[in-house]
């Protein structure tokens, strides 16, 4: 039995929002096909979009957070990583004030994620230092 | 007036020897052509010709054994079928097709070799430098 | 993605003065100083110029530098590589650098001798040296491949050429498979009566050779057989041969002839007797046939066609008739192959105005040969088609189908002499008048022109002119031609006309050529490797051609070629193994997509397709290194060693860079 | 007369029991179409069968066959796609014994959209719709009629738009190499946009499409810069037809001419010196 399906999704790379089909063969991601009658991309993709499937099963892909201990990156759990980040932000904020922190958000994030990040900057850290890679 | 830069791909068995024959007879021709020796004109893929233009060659000349006299029996038949298509493509993209020239020169034809090189150098000299046209 | 990093090599550059041949025009000192400085970043560590690089002192200079300076690559700018590439390759080899890591650039034939302006010549030399340096760093060491030679030889065709070749090889102690498609060896020569110019009896000189071949311990005779398939390459051919059923058990047959005496079925023999005589359904083509075993002609045998008769079986004293015999498929291994497949006679029916086939007393040359043969259908009597009347006058027409743009452009080479021989035989046997119609008389051969003179003195009428037409009239035939020497139309009444038909390639020559991987000319003659210097070899190593299959020729020339081909084969066998071109093509199995385009494009059928892997594979022993496949391969999975894309591109860039730099300095 | 969609659905239903799947277009979420492998287990999906826009179905076939080389499949193909499949077969990329072709004849507006000269199938045993005549290609004619400097300027501008997404190569049914010459630095310069003129990428690709391009125009369709590259392929295809009497996809056994020796008259037509 051949199990082939296309999964319609949005390209995760930039803010354009190109639509693409992920080609899934026997439960494995094998390719990308642009979506021809989608209003945004009209069947076109850039080289990144054409290769979005490539990193998913790539052997070099990171699957856990890494924390540098004694100059060496070591695998860690999300709890460890998030705790470490919160501690360090706290330290910086206490020592140098909230404006010593800046948040750079990304076009790879969804609208909701970007909203959350500015909320985090303003309400949690207490700074207006928020910016975005697609702000031109 | 500029000095055109020309790359010549010559087959080892006929045309390269034809160029040697021209030399032995002390026939004079312009120094613009730099000859690259290949076993057979069939070895030259269109990519090699295109890369030569890409590097700034003003003209590319490809010489092989006469049809029927190929050292490799029918290697040059493939040249005769591939290169006209490349010339057409050049024409369609707006590159003067005369920048690529294909002919057959036997080991004995020193005089033909000299004539061909002289005429080709003249043709290319009459065209603007390739890099200028591509700017 | 392939990413290319420039290799780090230590290059030595040597510029030859060639006395004043180069130095008189090119400023060689300037070139070598320039190379040492400007090409340093390309890897040049030594740059020298020297009076005569090819002299032993010049070569020692290179060898010394290799050892002392640790050179890994060598460039010599001198004369044509066709002259001294081997010299310098050997020098490199002696000093421990693989000969394929040497590159030669031609600044004599292609620079100093052809350029007038000294400055321009020097600039050209610089860009040529730069090109060679650019290339040489990408060159890879190569080793020649040696393949052992199977000493067995296949000879295809049992005419006089094939017999000669087979005997030469067999006498030297090597084994020969001699394949012939007719029931007996002998070929066309066995059909002839006399041979020109000596007029000795054809059978008398051929039969002993046939007998020797038939009884030679080193010859396996495979008559009534045809080659079906040839695989492999020089030294290692595997040949599949179909041995057609004779319906005769060879081990039992004594060749006594009872079977064909008793056979009730008479058949017109249009092969050996050219349609003039008869044979039986079980037959040997002629009494001296070798081997002596007959064959049963399946199409005409009453038993095979109607299911009853078996007269031969009834009378055979040894029980050798085997009606249930089947074709046998044999596979033999040989190292070399000689093709001596001969020729076909031009079909004179194609020229309707000569009336052959329509006018009974127009004969072909082959028919006349049989007629004059004492063992032939008329017992050697020259008679008209009625079998009794002796002709009083005979016309012999030359160049029938030859030297004629409607048929064959070439000269069939033997017809002039053959026609003169016919004239002599007619005179000798009938005493009648003979008229020769010729275009040009061509008698270049030992004692050939003397023969021509002798025939003229016998009172033969020579008319220079092409015959327009032969018609019936005045109780016989009328030959209409223009006599170009007197400028008049001639109408000559004769009783008999002999058409000296030309030779043409075998009807299946193309097919045979394809089977053996060789090529045919426009007229389907097999093409030799070089028309003058290598007349019996072909472009396919290990496959030789001899005799009339390569082009029309007479018996002495055919025999000479047979022996020559044998000598070439023996010289290969004597080497034991053979060196194979090192610069062959190579398939990268990882990137090959199995599209088979290269397989179709190879002029030598050297690329195999491995079905189980779905990849192409180059048989190195067959590859001649032309690189046609490389130009064809789209993913660039095929590389031609020593002429790789990166080597050629580096050479081109090397030349372009210098040309561009001169352009810049001139503008500045 | 029933419409093509109904007939096609019926044809697929008939074929489904005998094959492992039928490749055709399906309307997916949001009305977005994509190639789909219909199976007998889920024949209800045929409700979502679609005809247009034309999608690179042979490309999907290629992907499936890489993992399942012996799969017994059927494919709905238009004229161009059928030619693409024939060429894939001739390049040993698939086995036609295992593939049932369901030919879908294009309609006038579809053919005009593609400027297609052959909007019909010739090899498919099963066909849906009535074959129509080819339509002219005004764009190709317009570009061909330009003068040499105009062409030069036109293509320079077009190629400057190229963002080197490699989409035209990715989507092409005839690009099936594992490693592509266009990714080799020897032929195509890396890291430069707009790419230098003349564009090695487009020139090399055009040469590789010689005697291979089946004029499906998928490359133009997917190009985010709207480069009319198929114009080159079509002009060259015409020359190859005139010089060497060869048309990609037309015959099952005719080999691409550039691989073979010269035939009678071909040299004379090639325009090379005598």
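The letters A, B, C and D name the chains in turn, as written, and every chain counts its residues from 1.
We take it that contacts are C-beta pairs under 8 Å (C-beta built on N, C-alpha and C of every residue); 3 or more make two chains touch, one makes a residue touch a chain.
Since we're looking at a predicted model, the values are computed, not measured.
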Reference chain D; chain at largest CA-centroid distance: C
Interface with more contacting C-beta pairs, comparing B-D to C-D: B-D
Centre distance in Å when chain A and chain C are each reduced to the mean of their C-alpha atoms: 71
Centroid distance [mean C-alpha coordinates] between chain C and chain B, Å: 32
For chain C paired with chain D, centre-to-centre distance based on mean C-alpha positions, whole Å: 45
Multi-partner residues of chain D (each touching 2 or more other chains): 181, 186, 258-260
Sites on chain B at which at least two other chains make contact: 46-47, 51, 74, 78, 82
Touching two or more other chains - residues of chain A: none
Chains touching one another, given as label pairs in label order: A-D, B-C, B-D, C-D
Interfacial residue positions of chain C with respect to chain D in the complex: 1-4, 590-597, 600-601, 609, 614, 632, 634-637, 645-646, 649
Contacting residues of chain D [partner chain C, same complex]: 91-93, 176-181, 183-186, 190, 208, 255-256, 258-260
Chain D partner contacts - residues on chain A that touch it in the complex: 1-2, 4-6, 8, 19, 21, 23, 25-26, 30-31, 33-38, 41, 43-47, 49-50
Sites on chain D touched by chain A in the complex: 20-21, 28-37, 39, 41, 53, 55-56, 59-60, 63-64, 67-68, 71, 163-167, 170-171, 221-224
Chain D partner contacts - residues on chain B that touch it in the complex: 46-47, 50-51, 53-54, 67, 74, 77-78, 80-89, 91-96, 102-104, 133-135
